[in-house]
Each structure stands twice: as C-alpha cells, then as structure tokens.
Amino acid sequence: MPIVNISLYSGRTTEQKSKIAKAVTKAISESAGVNDSDTIVLFHDIEKTNWANAGNLVSEE
Amino acid sequence: MPIVNISLYSGRTTEQKSKIAKAVTKAISESAGVNDSDTIVLFHDIEKTNWANAGNLVSEE
Amino acid sequence: MPIVNISLYSGRTTEQKSKIAKAVTKAISESAGVNDSDTIVLFHDIEKTNWANAGNLVSEE
Amino acid sequence: MPIVNISLYSGRTTEQKSKIAKAVTKAISESAGVNDSDTIVLFHDIEKTNWANAGNLVSEE
Amino acid sequence: MPIVNISLYSGRTTEQKSKIAKAVTKAISESAGVNDSDTIVLFHDIEKTNWANAGNLVSEE
Amino acid sequence: MPIVNISLYSGRTTEQKSKIAKAVTKAISESAGVNDSDTIVLFHDIEKTNWANAGNLVSEE
C-alpha cells in the first residue's frame, strides 16, 4: 500500500537509488507492519535549474 | 476542476496517452458531473531505474 | 503499475469516487494494455478554501 | 535536499510515523550521502474511501 | 497552465492563503508571461504530526 | 517550511524560473510570515505531449 515519492537532485546513480529503495521499503515494513511487496517507491530526479532554496535556484548558488 | 496526475513507466506512446487522456476525462465527466473542459491530465513518465516495487527497481527485475 | 492521483473539490460522494475509480482504471487498461490490477487511484479532496483559480480562492468566488 | 512524500492508509499512529520518518531519513542519509538535516518527510493519510486498487475502493473490498 | 501545489503546516488562515494565492499567481504571470486565469494554486495543509525534518516529526520538536 | 511544486509546460528558461522562484518565495514570506530560507520551490517541466486539457493533449491542439 504505501506509495513513496522521493524528489532529489539529479545525479544519484542507479546503484544509490537501488539502495535507497531497498532501505526505505524495509524501514516502512518494519515500522508500519506491511509487507515489502506492498510498497512502491518512485524517484524524481530534479535538475538544479529546477530546484530553489530560499528563492535561489541551486544552479545559481 | 479535477487535476489528474498519472505516473507510468516510460515508453507509452503519445497515441496511447492521447487515448488515456480522452477516456479518463470522459470517465470523470460522466461520473462526477463536470464538463470535459474542467479536467486537466498530466502524465509523468517514470524510468524503470526510478520505480521500485517491493524494494527492487523494476530495471533490476 | 500506473498510479493516478486525482485532486478535486471536496464534496464528491464515495459513490461518485467509486464510479470514477472503476472508469479511470478501465480506461487505462484498455488504452495502455495493462491489467486492472496494476492501477492504483488516489483521490485528494481539496476544500474550496484551498483551491485558487486565477489568483482567487474558489470559496471567495 | 531529498523531499519524501509518503501516501498511506489513514490509521497509522504518530508513533509509527515517527519511526518511519527516522528510519527513512537514516536510510537515505546512508545510501545517498546526505545529512539527516537535508531530508524532509511528509505523510499523506488517505482514507480507504479515497484509495482504489484494481478499480475498487479499498472501503468496498 | 501552471499548476502550483503548496504544502505548508496546518494553521494558516484562509486570509493568508488568499494573499498567497494572489501573490503567487501574479508572480508567475509577470515572470512567465501567462495570464492570471491560467494559474491554479492548491494548498495542502500538513499537520505537524505528518511533517518530519531531519527525521523528527515537527510535533516532537 | 513551505514546499512549492510548480508544473508548467517545458520551454520556460532558467532565467524565467529564477524570477518565478524569487517572486514566489517573497510572496509566501510576506503573506505567511515565514523566512525566505524556509521555502523550497521545485519546477516540473511537462512536455505538451504529456499535458491534456479537456481531454486533448496540448500537442494535438
């Protein structure tokens, strides 16, 4: 059941995402009492020209 | 009014999305009593390296 | 696989949502060649004090 | 930096969410090489009348 | 055209949201060259038991 | 604290997004009484083949 959307800067490798997906799914299973098979994780790669902190694009910092 | 966000695996053609958009908009109009012109549909193509089921990236399956 | 998020004004009945969910799922199955069991639909009821068109909250119109 | 949105059925306790938030944040820090302080987790409680699998509201199952 | 989703802590008044919606819509019109009527703003009130920074629910801080 | 997700047609320049991010962040700070440093803005560029109004992809209009 849980659906997890993770927005992060572009540039994470597939290997890093693989680790995150496994760890996040396990974390939710253990804490929420659901099966691993119930969890879906989606990654959204956000370019630094598309992400602003405090009003400034990260690409401008 | 209704705003519909659809996340699906990359690879669907524009023709398929066109059909989905038309059918989803019609389905909502008929069921919710709104005009077709009130509905917006956005597609989000998710790479299989960005989608995990049961803790495993689809690209790993 | 497809995950559908539908934002609409609060006030739709469970019966209306049931019809929308069935119709949207069927529409996607037929157009995208997936099984009904692959589609998840989530509704987000948005109060009219939380929805603005053209800069004006719907509750103000 | 990572922003995590988790949609799950209503009914999880604050204690469960607290555990999930801690575990998910730690999982991302370890796998993606970011600080805990960079991660934001948002939970979205979805009523079973607002969640459909395979075209059927969970409340109908 | 632009669709703006704003997640913030619960507790903002309708008057504050009204001001934000007007100002955000105007900001986008002036910067992106679209009409006010093209912009939709949706607010998502997130309880402090549903928002975690650095792994800690805001309600726990 | 506020997290702002803006979906718009692909094609806006980084300069336009920079202006929007600054203006939106300022608008929220002034209206909601938060610091600029609390606001995060994410842009989502949506291709016209992925955006449908009234059931028609914008690319088809």
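Think of it as A, B, C, D, E and F in the order they're written, each chain with its own count starting at 1.
The definition used in the following text is that a contact is a pair of C-beta atoms (placed from the backbone, for glycine too) under 8 Å apart; a residue touches a chain by one contact, two chains touch by 3 or more.
Predicted model, so just to flag it, every value in this text is computed and none were measured.
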item	value
Chains touching both subunit B and subunit C	A, E
B-E or C-E, whichever has more C-beta pairs in contact	C-E
Whole-Å separation of chain centres (CA-atom averages), subunit B against subunit D	21
Distance between chain centroids, defined by C-alpha means - subunit D, subunit F (Å)	24
Residues within subunit D bordering two or more other chains	3, 7, 24, 26, 40, 42, 51
Contact graph of the chains (line, ring, star, complete, other)	other
Partner subunit B, residues of subunit E touching it in the complex	3, 40, 42
Complex contact set, residues of subunit C against subunit D	14, 17-18, 21-22, 24-26, 36-45
Residue ranges of subunit D touching subunit A (in the complex, touch as defined)	1-9, 12, 16, 19-20, 23-24, 26-28, 30-33, 51
Touching residues (chain side subunit E, partner subunit D) in the complex	7, 46, 49-57, 59-60
